[in-house]
Amino acid sequence: MSELAGDTKRDLKRRLAGWDSIIILLTVAVLVVASLSISNFGTGRNFTFLVLDLMPIMLVALPMTFIIVTGEIDLSVASTLGLASSIMGYLWNQGLSIESIIPICIVAGALLGALNGFLVTGLGLPSLAVTIGTLALYRGLAFVVLGDSAVADFPFNYTGWVTGTLGGGVIPNVLILIVPLAVIFGVILHATPFGRSLYAIGANAQAAHFSGIRVARTKFWLYVVSGAVAGLVGVLWTLRYSSARADNGAGLELAVVAAVLLGGVSIFGGKGSLPGVLAGVVLLAALQNALRLQDVSGQALNIVTGALLVLSVLLPNIASSIRSNWQRRKLRRAAAV
Amino acid sequence: MATAPPALEVREVTKSFGAVAAVQGVSFTLYAGEAHAMVGENGAGKSTIVKMLAGVYRPDTGTLAVGGAPADFGGPADAKAAGIAVIYQEPTLFPDLSVAENISMGNQPLTRLRQIDRRAMHANATRLFARLGVHIDPDRPARGLSIADQQLVEIAKALSSEARILIMDEPTAALSAVEVERLFSVTRALRDEGAAIMFISHRFEEITALCQRVTIMRDGRHVCTELVADLSVDDMIRRMVGRDLSALFPKQDAVIGETVLEVEGLGREGVFRDISFTVRAGEIVALAGLVGAGRSEVMQAVFGVDRYDTGSVRFLGRPLRAGSPRAAMAAGMALVPEDRRQQGLIMELSVERNVTLPRSRALARLGLLLGGSERREARSWTRQLHTKLGRLSDPVGTLSGGNQQKVVLAKWLATDPKLLIVDEPTRGIDVGTKAEVHRLMSSLAARGLAVVMVSSELPEVLGMADRIFVLREGHLVAELTREEATEESVMYAAMGQQVAS
Amino acid sequence: GGTTKDNSSDSGTAAQAGASADPNAKLKEGLKIAYLPKQLNNPYSDVEVSGGKEAVGELKGEYKLVGPNDASASSQVSYINTLIQQQQDVIVIAANDPNAVCPSLNQARQAGINVVAFDSDAAKECRDVFINQATTQGIGESLVKMASEMAGGEGEIAILSATPNATNQNAWIEVMKTELAKPENAKLKLVKTVYGNDDDQKSFQEAQGLLQSYPNLKVIVSPTTVGIAAAARYVSGSNYKGKVGITGLGLPNQMREYVKDGTVKKFALWNPADIGYLAGYAGAALASGQITGKEGEKFTAGKLKDYTVGADGEIVLGPPTEFTAANIDQFNF
Amino acid sequence: MSAALATATPSPARRLIGGLVRTRELGIILALAALVGYTAAGNPRFLSGQSIRDILLNTAILAVMAAGQAVVVITRNIDLSVGSVLGLSAFAVATMMSANPGLPMVVAILAGLAIGGVAGLVNGVLVRFGRVPALVVTLGTLYIFRGITYSWAGGQQVNADELPRHFLTFANDSFLGFLPWLVLIALIVVGGVSVLMRNYRVGRELYAMGSSPEAAELAGIRVARNLLGVFILSGALAGLAGVLFAARFGTVDAAAGTGLELNVVAAVVVGGVAVFGGSGTVWGAGLGALLLTVIGSALAVLDINQFWQQAIVGALIILAICADRLVAVRIARALRRKDSHV
């Protein structure tokens, strides 16, 4: 038993040295430094803006993390979001009530995700290729549904809720949605047999199949969930900007993938943690917010995002290779003596 | 022999992985015209030495010398250039390339324009296969080859490089007696032409048949290097394990119970046809046959990881849903697959996660996996199988080949099955543990477990099985009882002709 | 498509709405005036804001230029939020979507910031004034007039526009359609409207597609600077040169080559720098209390002299200039 | 006995399968033929000289990039930075040419290749020596290279009237009067890289690296050298594409080529290159680029509603992948049947 305890302690140490905890610490550091050194960063209102800005990426990143952990990818999320937004605008123009439109949009997202899932698991096509195709297809359909118009007259009690705060304070209403969803996804990934099976699938799908894991079915449902969440975010996006348009959310997929990778998830599957991803999303959003307040231009933001992405993987690798080199040299020296 | 400079000299090499000292101060010498065996328990450090000779790892300390000149390999390319060809323990083929391309990768025959001469490449592969006496189409992609065929392609690859030094890490683990004999005759010819051979195996009869000298390893250390003729098999085992070992195949008698598995007319296009057999509780049934006969395929179809086109499977009297390993597991079946790297384990995951993967649902409380239930389970099973490992949280890929095999066994024994299907269960396992695995299977059978064993190792089949089914080219050609079965009768059925030589 | 019907409770109830204008108020110095064009690094935007910079300099204010790299409304919202945090006095914005920027602009106005829309309008409840380059009606009419001249009064014409959602382009196209419906233009036939998304390459390919689909096409009208340049470049390098006319709204510097080689006979534009300049003065006038955005209020905009606020808070710059081979060398923007 | 069997002349079955394998790109060729036939039936001008010329010119740039990308994907990597590299190279070369109108075209091309090559080298070093997955590296450099171009260019634009005449006419001029230079360059690139990948050792090594990276290391393949070469090739070809882009479109700003990476990857995937590496051909990728361009032009010519166009492009991409998959499955089944002894 004492051996067990020792193991646990060593594991903890290793966990702390892992990339996801580094990124969490880095995120906290950036938040603290920015609050102290940039006026207007630490204000309640800025917090609201920050949360609203990171909401779409954060929500879409949750199922995306699952999908990338299983070694697949979904690049169609932003287009699904746009199509859901278009559908929302169209139905609103048709006079449907918002209470019935919102579930329809989420179901529509789920159906779009199911098509992705079918193409990937049913036909065995590579997900990168499939979702590049549906990226174009869904965005195109969004334009078919709503054309070049924008629908803007959504009821204020909904648009106001999305941009508003709890009791007029500093806690944005959307946190009521984000926090429970993040917790649910985190618990599923890290503490359930289902979560375990995702890692197994990502690391070796064949061995997972031999272990009785229903690989295809699992992946299929992940795409459905991803689509449903993208549909939900389409609704939130539309309400936040009180504007349903076919081009809503264009280009968001790369930002989401970047945040997930920054959070320490391996693009090859089988590795990564949800807290790391959440930290990655917050880190990117906070940096952009802070740099914008400092009047750093958009181009420089591009460079920072890109550099962060590369460095996030590069630095730990360099550190570990320095460590092992150093160890080897020590051994050689010991042998020489 | 001592007058010419040794083909390869290994001096005081050491290699550690983090806290694990895999090889500590090992020295030995390979001479031209001699086959040199290396034996040791699982995890003794044999493959690590091979990888140092191949330039994959650089020794932490110590030196290598090739033909008398010191050598410091920066990578496998350097070792190759120095005339060393290696067959690794795990096949390393390129699945998308044709078999012929796999064989000549790196030294393809060229035309005058320095383009690849495909015709010559094809002819080269055909010639090598003829020499090894195997039928593999050189133009087919390597993907989908059985483990044994892959191993044969590896051998052809090593032969094609015409190296001065040939190092083979358990090349025979997946082969049956016929292929092994062909391999040996080719190897002997090479040896007599002046190549230096290093041969690793857990089968002592192979070592006495092929090698002149043997180096024995224990726990990463060099124990001794002696002439094979001077040592008995028991001597070797004693030095390698550090103690005496008793009977190798202690088959216990068991009460044969009711029928557990009924396979009826099973067939899959192009692979096997019309396979029917039954297995009863307490019985160990072996599937024997040549490599590629379709034994693994049959059992994979039974377990549901593969489809089948015709026939049915009944388990404990009830029809079993086809194509669903989950249904098979729920009914009480377990399958230890033959290819541990691709099918058995998830290399990046920890030992603990691997062992508990099929049981994670049962171990969860309220759907959540918290606390140490997984760890306790993993610990008890790996202990029982004498697995040599650092921590349970280490990735299983860092274990030695034999120890990985034990983890696969642990993983499936932990599910407490009613029918255990084991495919090449002792592939790459050392003598000591092999005896342990056999004892375990035997005692499980005695407690009423039904066992189906696919094995290419005849002594294992003859020693363990109550009944033996022989497959040839996808057909069930013979059923032999324990009493009827002899090496000759099984081989006769497997080959469909009198055994030559 | 929908328009803003009853957008929000805070629409039109911005902080200054109740205040009354004092035409004699002195223009304040040191005003923080921020420009937020549709997109940075767009040559047309650059010319516009250069006028703004000049105006803010004359006003002794603090000039600031921010903006997204992509012409999307959502990125503009983030920048508006930042400007609120930075407590600017005036935001001068070319809206990428009239409604999407609305809630944020209203938040800005509640925080005491004056909002001037220029080039492309935001919904009128959420800005104080809009600087219109020319009346929508005027531009639409002049586009049809130029097209008719070039086609010789009859034949097929097509439109190569910016994005399908661009507010100003769509408004002009609407006017063009009404104009074309009139009897004097009965022989002109609008066969197709395509969108180049203000992307050079896409516009180029769309122009190409038009000419293939409509062999009898006489004129391509492109009411966007990116589109007209791309269409002119394609035609000048193909064997359609001399057979198909190009006209629309373009920047003289970009078009000079094609006017000189005869591909383009005539095109039009206002001076973009003047829009930014006028917007700067309008912002200062708002912030100083000279105007509040009500119809009929007057103010003076430096070198551009006097302006009056029109209906719905619109301030019109003036009629567009037409460029031809004869006069193009007098312009440099 | 077995020797005689194995050395026998290829059986009809083998020849059949050989044929099938050789027409791995069959699906896409058929799709292309069907699309062209259908469009031409609807609008005969689609096959006019000017129209074919336009399609080929438009394909040229995409095909050059697809050739480089195909090689990268075959090695089980990806290069998402190509759009940004194109932008950087296009802007740099256009600026250089407008400042020195006397420079010959060859210098422009070499400059483009060099700029792209350096960008590719950065990618390659990070992938190989930083051990960072290619997708992460090139997603990062996609942002970084674009950011550099933006910071450099600001709102500047190089207009056609600032560029020397010979530079602009290069895009429209033809070699020997019938083969446009752009198309000739694309043919040379796609053809040359195809031959390299098929018939030379280094090409087969690249396939091997994509098929099994671990095995490639063990086989003594010089993985580092090859990988750097691959990324430099992809970068250099994107740089070359930048020069062609500048010459063809005349107007260059910092946004040139934004989003092009997805088109390039789509061309490669539609052309039958497996995203997991190890299989596919470069000329297949070239065909993929042609197919995508023809889809775009055909939809414009067929007078299909603008709003439907993008959706149809997406649907056609998916159909093309399905067709490719179907061919692959058929080949696999034929192989299995041939192998079977039951």
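We call the chains A, B, C and D, going by the order they appear; numbering starts again at 1 in every chain.
The working rule: a residue touches a chain if its C-beta (ideal position, glycine included) is under 8 Å from a C-beta of that chain, and two chains touch if they have at least 3 such contacts.
Here the structure is a predicted model, which is why all the values come from computation and not from measurement.
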item: Chain whose mean Cα position lies farthest from subunit B; value: C
item: Where subunit A and subunit B are represented by their mean Cα positions, the distance between them in whole Å; value: 42
item: Euclidean distance of C-alpha centroids - subunit A vs subunit C, Å; value: 37
item: Chain centre separation (subunit A, subunit D; CA means) in Å; value: 30
item: Contacts with two or more other chains, residues of subunit B listed in rising order; value: none
item: Sequence positions of subunit C contacting 2 or more other chains; value: 40-41, 69, 164, 195
item: Numbers and ranges of subunit D residues touching at least 2 other chains; value: 150, 274, 306-307
item: All pairs of touching chains, each written as two labels joined by a dash; value: A-B, A-C, A-D, B-D, C-D
item: Residues of subunit D that touch subunit B when the two form their complex; value: 2-3, 5-7, 14, 18, 199-201, 204-205, 207-208, 210-212, 214-222, 274, 277-279, 335-342
item: Subunit B - residues contacting subunit D, complex; value: 54-56, 75-81, 86, 88, 92-97, 101, 105-106, 108, 110, 114-116, 123, 126, 129-130, 133-135, 137-141, 144, 267, 269-273, 294, 473-475
item: Of all residues in subunit A, those that touch subunit D in their complex; value: 119, 123-126, 128-130, 132-141, 143-144, 147-148, 251, 254, 257-258, 261, 266-268, 297-303, 305-310, 313-314, 317-318
item: Subunit A-facing residues of subunit D, complex; value: 126, 130-133, 135-137, 139-144, 146-148, 150-151, 259, 262, 265-266, 269-270, 274-276, 305-315, 317-318, 321-322, 325
item: In the complex with subunit A, residue positions of subunit B that touch it; value: 14, 16, 60-62, 305, 325-326, 328-329, 335, 337, 342-349, 353, 357-358, 360-361, 364, 367-370, 372, 375-376, 379, 391-393, 411
